[in-house]
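Before I ask anything, here is the structure I am working with.
Order of writing sets the labels: A, B and C. Residues in every chain begin at 1.
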């Protein structure tokens, strides 16, 4: 069994009008099956409203399935007795960097999770130091979070999650509010964690260039999984991606256009180097 | 603009006062304030002045920072003085037109002014030497016994520290929304009171919506990080009394006794 | 010449230890009808700059002229200036406040003191310009999707009928489709009305294919100011300051280095395709 598994996961919520009368039921997640292995880097893509964030919130028991089951590290998320274990083993980083930092000093924020878990004081300090070093924010430990850039704030948030020693991190559009530099910083930190610490990463995003390094990509649409496979497989289906309101990296798009014009190129070119090599051949 | 307002102003430097346990500083501030209201003669005020001056000196915080805190309450101070000066009945000293200044009035006004000034300087000394976080920690620990009376001490402390973190963010947001509405022709300055109040709607509605959204996000982020109230929690920076804190309590006790003895019961 | 900036500087907290020069001696002229991309990373001064253009911020030194008049001269009507130079802030949906979409869009023109009928006409036209369907007009703005809210907010500025429209990161936080829709809408609006548009962004990719001119800001100064193709020639310099040229620029540069006979001042995928086809000896379809 993988670190995260979902079977026929369905999530519905009831829409109400201003007087509170039921207007209808929206199915945000529709029969999703997942099987994510320890150490994997999985990207979840989809346009706004495709159900990807709702899915993410099921993975650390912020939301519970209406139907179906989600297991984190073999534990059913709907079972209340596992609640805190699940939240500890599947950490979550959210979109808005300002709205998830609780501490007024960087190091205190990173210590917040371990404090809640009842970790002894001495160990909290060790964990804070190691986590801040892992995301390259150790020299900012005494700073106020308000003085940091967006990318730095998100790295602090990631450190705050790592300090809880999770097996898996779910990042819910961590770069959507950042500028290109901040985006690169955060993705670099996430990749390093996945490589060096072997932490399972589930990255939810709509920036296609962020998924190139993933082991597996899942594309969501209208609550269900529309496509899945390696990034290369996903990117080879340019038409389908456009239909799903998603972008394709310019190089992939160019290769696709060239192929359409009769140049023999392999499918799913992801980097400039790949394209140039293929053209030289 | 708005973000220039400094809140919970902390003056960073290294002094014994800075290093004291926040509980000591909280207790000392309370004792000092009580002493100001118990004392009713000149010697008492002199003792308080000397005590305060020593503390300021030890704290290494420049005196002008204390005075800064005064500016916002100058108006209040003036009212207190004027009321006491003119409205206390007793033996007239000066009298012109319909206004009479009495001897009792003079002494009351003087006392009131001294009390208020000392009170403000004393409490700003506390906030200038203690980080807001430390302060909330201290309060939480000091009020811990109230938990038995079902007072949500931990929750109140948590709320205070979150508020402190979000005040600068919300101020910045206010600034931004204000500018955005001004760009759409809004006018926050001119007009009478009613018109002014009405012109605040385009500012306040977005601000409240944003504050609620932030609160919602934050609650979710806290839960995701295993927050479940004060139970089971350990502290990264637990408050531990040191030798200097004991000594500080000793000094405080000496001050309290001297102040009450000389300031209240001692008659020259 | 609609707007002229003459040696404009802005220093925050002047005279203190925290002194920061947000703008350093910026001189620009923005002629009527141009479509300008203002590019820079966070903290480059681009947001400070645009707030000077409608008089929200005052330069610490230098002058700003709107149609020949100094906007900080005594007696200059700032309120009128703000209706002429419309500024849409970042995440503009955060400023919505009325009970329904239509009333919110009326806020700007109402503040201009126009009569009821004119206000409503303008609001209606503005909502049409951003492509919002009539069904939404009397809904609460807070019930709309993110992309729709943003359109409403943009309409709120358009309803003042500005001569210059400034948009600060209008695509921040939107998904790719939402981003393209907004940008296409702005381009269409400009083509239709001939309005001057200044698009503030940190992404060259987003603006490259739309604008006539790119102004690159770095550390409070104008680094480059030219047509896109010419600016992207400096892709190495741009990268050094944390900006990047569109990915196609890099591809073409790399191809040229490898000996392909290609032009490198390429902006769009279509141009790149045709250029590569030409280099490979196959005639490209010249449709770009």
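Keep in mind that, in the parts below, a residue touches a chain if its C-beta (ideal position, glycine included) is under 8 Å from a C-beta of that chain, and two chains touch if they have at least 3 such contacts.
As the structure is a prediction and not an experimental result, all values here were calculated from the model.
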| item | value |
| --- | --- |
| Category of the chain touch graph - line, ring, star, complete, other | complete |
| Chain pair with more C-beta contacts, A-C versus B-C | A-C |
| Distance between the centres, which are taken as Cα means, of chain C and chain B, whole angstrom | 45 |
| Geometric centre distance via CA averages, chain C-chain A, whole Å | 30 |
| Contacting residues of chain B [partner chain C, same complex] | 173, 176-177, 179-187, 201-202, 205-206, 209-210 |
| Chain A - residues contacting chain C, complex | 47-49, 149-150, 176-177, 179-182, 206, 208, 245-247, 249-251, 253-254, 257-258, 261-263, 272-273, 275-276, 279-280 |
| Complex interface listing, chain C residues touching chain A | 41-43, 145-147, 172-178, 202-203, 205, 242-244, 246-248, 250-251, 254-255, 258, 260, 269-270, 272-273, 276-277, 280, 282, 284-285 |
| Interfacial residue positions of chain A with respect to chain B in the complex | 60, 62, 84, 87-88, 91-92, 94, 96, 98-105, 107-108, 111-121, 124-125, 128, 145-146, 160-161, 164 |
| Chain B contact footprint on chain C (complex, rising order) | 51, 54, 56, 79, 82-83, 86-87, 89, 92, 94-97, 107-108, 110-112, 142, 156-157, 160 |
